[in-house]
Amino acid sequence: MKAVALPIAGVLGTIAVWWAATVVFGIRQIILPAPPDIVAAFRAQPGYLLRETGATATETLTGFGLAVVAGLVVAVLLTAWRAVERAMLPVLVALNSIPKVALAPLLVVWLGFGSRPKVVLVVLICVFPVVVATMAGLTSTPAELGELSRSLSASPWQTYVKIRLPWALPQVFTGLKVAVTLAVIGAVVAEINNPGNGLGAVIVQSGMSLDTPLAFAAITLLAVLSTTLFYLVVALERWLVPWARAISG
Amino acid sequence: MKAVALPIAGVLGTIAVWWAATVVFGIRQIILPAPPDIVAAFRAQPGYLLRETGATATETLTGFGLAVVAGLVVAVLLTAWRAVERAMLPVLVALNSIPKVALAPLLVVWLGFGSRPKVVLVVLICVFPVVVATMAGLTSTPAELGELSRSLSASPWQTYVKIRLPWALPQVFTGLKVAVTLAVIGAVVAEINNPGNGLGAVIVQSGMSLDTPLAFAAITLLAVLSTTLFYLVVALERWLVPWARAISG
Amino acid sequence: GDDEQPDNGKPAADKVTYLTAFGAVGRDAFAWVAQEKGYFRDAGIDVTIQLGAATGENLKVLAAGQAQFANLDLTGTWILAGKGQYKDVRTIAAIHQQTLVSIISLEGSAVAKPKDLEGRKLGAATGSVNQLLFPAYATLAGIDQSRVQWVNAPPPQLPALLASGRVDALSTFLIGAKGLEKAAGGKKTIVNPYSAYLPELYGNGLIAPVSITQGNPDLARRFRDAALKGLAYTIEHPQEAAEIMKKAQPAADVTAAVGEITLMTPYVKTSGVIDKQRVAGAIATLEKNKLIPPGSLTPEAVVDFALAPTG
Amino acid sequence: MIDLERVSRTFTTRGGEVAALRDIDLEIAEGQFVAVIGRSGCGKSTLLRLMAGLLAPTAGRVTIDGSPVLRPRRDVVLMHQLPALLPWRTVLGNVMLPVEIQRLPRAEYQARAAELLDTVGLAGFHRRHPYELSGGMQQRVALCRALIQRPRVLLMDEPFSALDALTREELAAQLQEMHLTRPATTVFVTHSISEAVLLADRVVVLSARPGQVRRVLDVKIPRPRSFGHNAHVADAAACIAELHDLLY
Amino acid sequence: MIDLERVSRTFTTRGGEVAALRDIDLEIAEGQFVAVIGRSGCGKSTLLRLMAGLLAPTAGRVTIDGSPVLRPRRDVVLMHQLPALLPWRTVLGNVMLPVEIQRLPRAEYQARAAELLDTVGLAGFHRRHPYELSGGMQQRVALCRALIQRPRVLLMDEPFSALDALTREELAAQLQEMHLTRPATTVFVTHSISEAVLLADRVVVLSARPGQVRRVLDVKIPRPRSFGHNAHVADAAACIAELHDLLY
């Protein structure tokens, strides 16, 4: 009961504050629409908005999935050989620091207009937190477990699969939680740059046609999408690493 | 020696691959300039570019500093009372999922053209990883240390200051490493939306005049800035939590 | 080969990608009209319409071969060609016979005429033609441009800045005026077009890379005619054109689009005609205002007169 | 002073229920030294946790000075079975933790901490970090931390388990001396019968899981006592033998 | 079989140098059972780590079967001073870890693991997780994990430190039995002199830090031995007394 009631209370409270602000300060719709305007914008074309949400969700999930796989692999490679870390981490940091907004147009130039540049942008934007968090997790194996694995002459592969990765899981999930919300943003940034479809396209176009409530309807759907994905990751964490809660207090 | 040679080798290798690609595939300068074009663009107006780098760095650091403080405070509040977490975390996730690119214009409308909206955007974009990582760290106190602090009747404040926060530090740094690169991106996104000054403005201007080498010079400076800040955070981590390396293996 | 031949014996349609000038707004509606009415299909072209962004970004997409045709701001495109940034495109038709760039302010605000801009904030897209042309305009209009405070912002944000009072005026396309009035809560706009002083400059036009104009002029001709047919229909039926666009792009706003189409109509010749003399005049204007180096462009270098409608 | 009335504690986990303690009745008088012995897993640590207010009984009640123990109390100190040292603090810093938390005068206690560390054989290691110490050294740091504040109630969970026989005896002697000069109510879990007999006024023998009080044995040997070398060898041997029989 | 030649080990840390072991000379024959005793912090764990190939000597060399120990070997098993269990694995899963890593036949060893767990008194806890166990129960799981693969060399660091006297004796008896039926070369660190005398062929007594070999005592009592209840009480008592004197 409480598990559902409190978050709902939190969200409703936030909406109430916002609504009150628009009324009290007499904020114009074009600057900040009130909740009912947004509901109206959604109800005007729900099918369209849901279809675009689906498009964004698909890009997000594909890119996120690829980023998780790539991030884990990169983190394992970087932690397995200190020389690789020394040589490649700065490159990774530098590449990661290229603002994706500046990169998005180039991706269209290189990869065209389909979903490919969008998925690539999602991967680029959300792989870094996965790498950093997984690396942190992989290098935090307690000394006695590290000794255990060495004294059993476990192969590097076994060390990772049986000891270091499971131990890193709680920290990997920190990365995934950050990454999943970035993934949504990545999809939107890509769509803004090539506004064929998706909620990013809705935001761009409604901006051009000055339909702020429609933009906010799209933003609200993004928030819902992002929150849903975040809590799916949280649920997965609860399911995969129940022991993490048990050994902490 | 090796500590410096390897990263340099990594960076040089990457540049070589890129250069070779532009030559082998005959890529046009406006699409992907070769390294010498970028060097030329930088040498054409070094003073200007460095000044803009300074502007971006200032916004980044101010926003990052605020985000670290805010992120730590929020994470402490969320982990101190489970009810607060239940009610507020979804709101935070939802707010975080608003694409900053969509929010930037509103910030300009609300806060004007100075550095304020830019710093605010930096905070908004990089506070979330700090919160998520700090929360993860704060909830990972080993059971026996939790019992220690309870059995000493430590006040909540003491528990955090003397036990939970120090224990969380390695994980906090995971968040900081992700956040600092996002902070740079946040500053650029803000500058793109109000391109008065900073490297984001340089990118916009050069995009308009199709001066891709200049855009890449700005992007390169961003990469340098971001990598420098990242390694400053790493240095701070080495200095503050030497014990984390000592107890892991 | 034979697989690509449809059963009815007609040759397979040419597949091309077309870029709009600025997302999905009224000035670009004609492309969807041509699509919906089957003009492209009848011309044997299978067109995919993509939403374009700023001039520079669109040119990059053309240069990379990801699109074959685009609707672009001709003045901006020619300035870039004159500066030697990207020359490998040719104009094949004009959509707007004059530049639509204007100073726009709200009724009752401090800026009623161009001269009032002195000491005021003027918003514009960073590095856009609006800014590039301003010195020339200011000189001709007698404005002390050193006293004008520029505020840079991306094009889609400009209306909100004016409506919220963050800037006193905008330098933007006049066809955005209807949307602005809506954004400003019904206040009327005051429009001062640059064309009052700079009549030689063109607005939007259709362009294609030389690989098309020289390598496949027939395709370019067919595309041009189909697009212009769409333009003609759009000018005659603004409401229907806006609705056609809305069907393809549900986020588009019909009222604003109709407003734009109506506002741009006086500047449109549906023949898409481009006059060599006027092109030379435009180039001279750009040279005179130091926007391009002297002697860097000839009309032939920017317009393919074999393809452009000339009469 | 410490009172357990029909206290039971059951752990409920995904794998089912485990009854750790059942119907424990125990009264410990102020200043008394009680040793607890029993087989591994019979609930000794659980018993200390209940007294420390870290765990609530599933049945019965635990009171100290007549008031129920609902949360940890400042006058009760638990020395955990694991050292539980803070890796970022030096040895001395770890010992000073309770002083800082309870805002006791720092300078005074700093001297006491240094003295305690020297007593347990850690002179020269004050500025080291826990990960530079051997297992037994870490345990001695934890012992100093438990002793620093001179609590009214001292709950110790196998405090000497990682120590060699000699160090054990030395420290047991130290502990006895402290108890004689300033008697804290002490509950001392150990696996060493002779240690229990050396230190305790009463020895509580728990049965195997679920832990129940099998017997409470009073050790009547006068203090100060020592291992073997005194006039009461026979008494001690009798106690040890009796406890041995109870356990086996 | 295991050979230490003038082995020293020093730890260098920010706080300065600590000499843990100095000039250790030790030869251990195949199948021999060697107990190591010495004061807390004298370098016993360091000694085992050197033999396990987890740590390199700062001087001297360690060889097994004549070849230097540069890294851990598959036929050498170390039971660490801490349980070092994987929290995400069940008790049984933890015991099976070496079997999985060394790709031994799973079914066969699964049965052996279950049997071992039952022997150490953990029947009914096979599917529990480590955090649901008491300290001594965790140590017994670690013991089973060390015993599962029947290694040629078994290095045990205070394997019974967290256990009660009875369980200790039972397990020591079990260990002796295993050693008799299938003798592994064993190095057994303990703080219990009587345990050392019960189990070992030779007892190595280390001096306090830096650890040096003070004496190697041969225990000549015939096997099987047991605590006190056999014909060799006197011999055992003599050994114990001698070791006691060496340590004190």
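As written, the chains take the letters A, B, C, D and E, and residue 1 is the first residue of each chain.
Keep this in mind: a contact is a pair of C-beta atoms (placed from the backbone, for glycine too) under 8 Å apart; a residue touches a chain by one contact, two chains touch by 3 or more.
As the structure is a prediction and not an experimental result, all values here were calculated from the model.
Using the contact threshold fixed earlier, the set of chains in contact with both chain A and chain B is C. Chain centre most remote from that of chain D: C (centre = mean of CA atoms). In this assembly, the C-alpha centroid of chain A lies 50 Å from the C-alpha centroid of chain D.
Averaging Cα coordinates per chain places chain A and chain C 37 Å apart.
Chain C and chain E, compared by their mean Cα positions, are separated by 83 Å. Residues of chain B in contact with at least two other chains: 31, 105, 109, 142-143, 145, 147, 192, 207, 244, 246-247. Of all residues in chain E, those touching 2 or more other chains are 82, 129, 131, listed in ascending order. The multi-chain contact residues of chain C, meaning those touching 2 or more other chains, are 57, 60, 63-64, 156-157, 160, 164. The chain pairs satisfying the stated touch condition come to A-B, A-C, A-E, B-C, B-D, D-E.
Those residues of chain E that touch chain D in the complex are listed here as 11, 13, 15, 18, 37-41, 44-45, 81-82, 121, 127-129, 132-137, 139-140, 158, 161-168, 191-193, 244, 247-248.
Interface residues of chain D, counted against chain B in their complex, comprise 49, 52-54, 71-74, 76-78, 80, 82, 84, 86-88, 97-98, 100-102, 129, 131.
The residues of chain A lying in touch with chain B in their complex are 2-3, 6-7, 9-11, 13-14, 31-32, 83, 86-91, 93-102, 105-106, 109-110, 128-129, 132-133, 136, 139-143, 145-147, 170-171, 173-175, 177-178, 181, 184-185, 188-189, 192, 200, 203, 207, 215, 219, 222-227, 230-231, 244-249. Those residues of chain A lying in contact with chain C across their complex are 28, 30-31, 45, 48, 105-106, 108-110, 112-113, 193-196, 201-202, 204-211, 214.
Across the interface of their complex, chain D is touched by residues 142, 144-145, 147-155, 158, 162-163, 166-167, 169, 241, 243-244, 246-247 of chain B.
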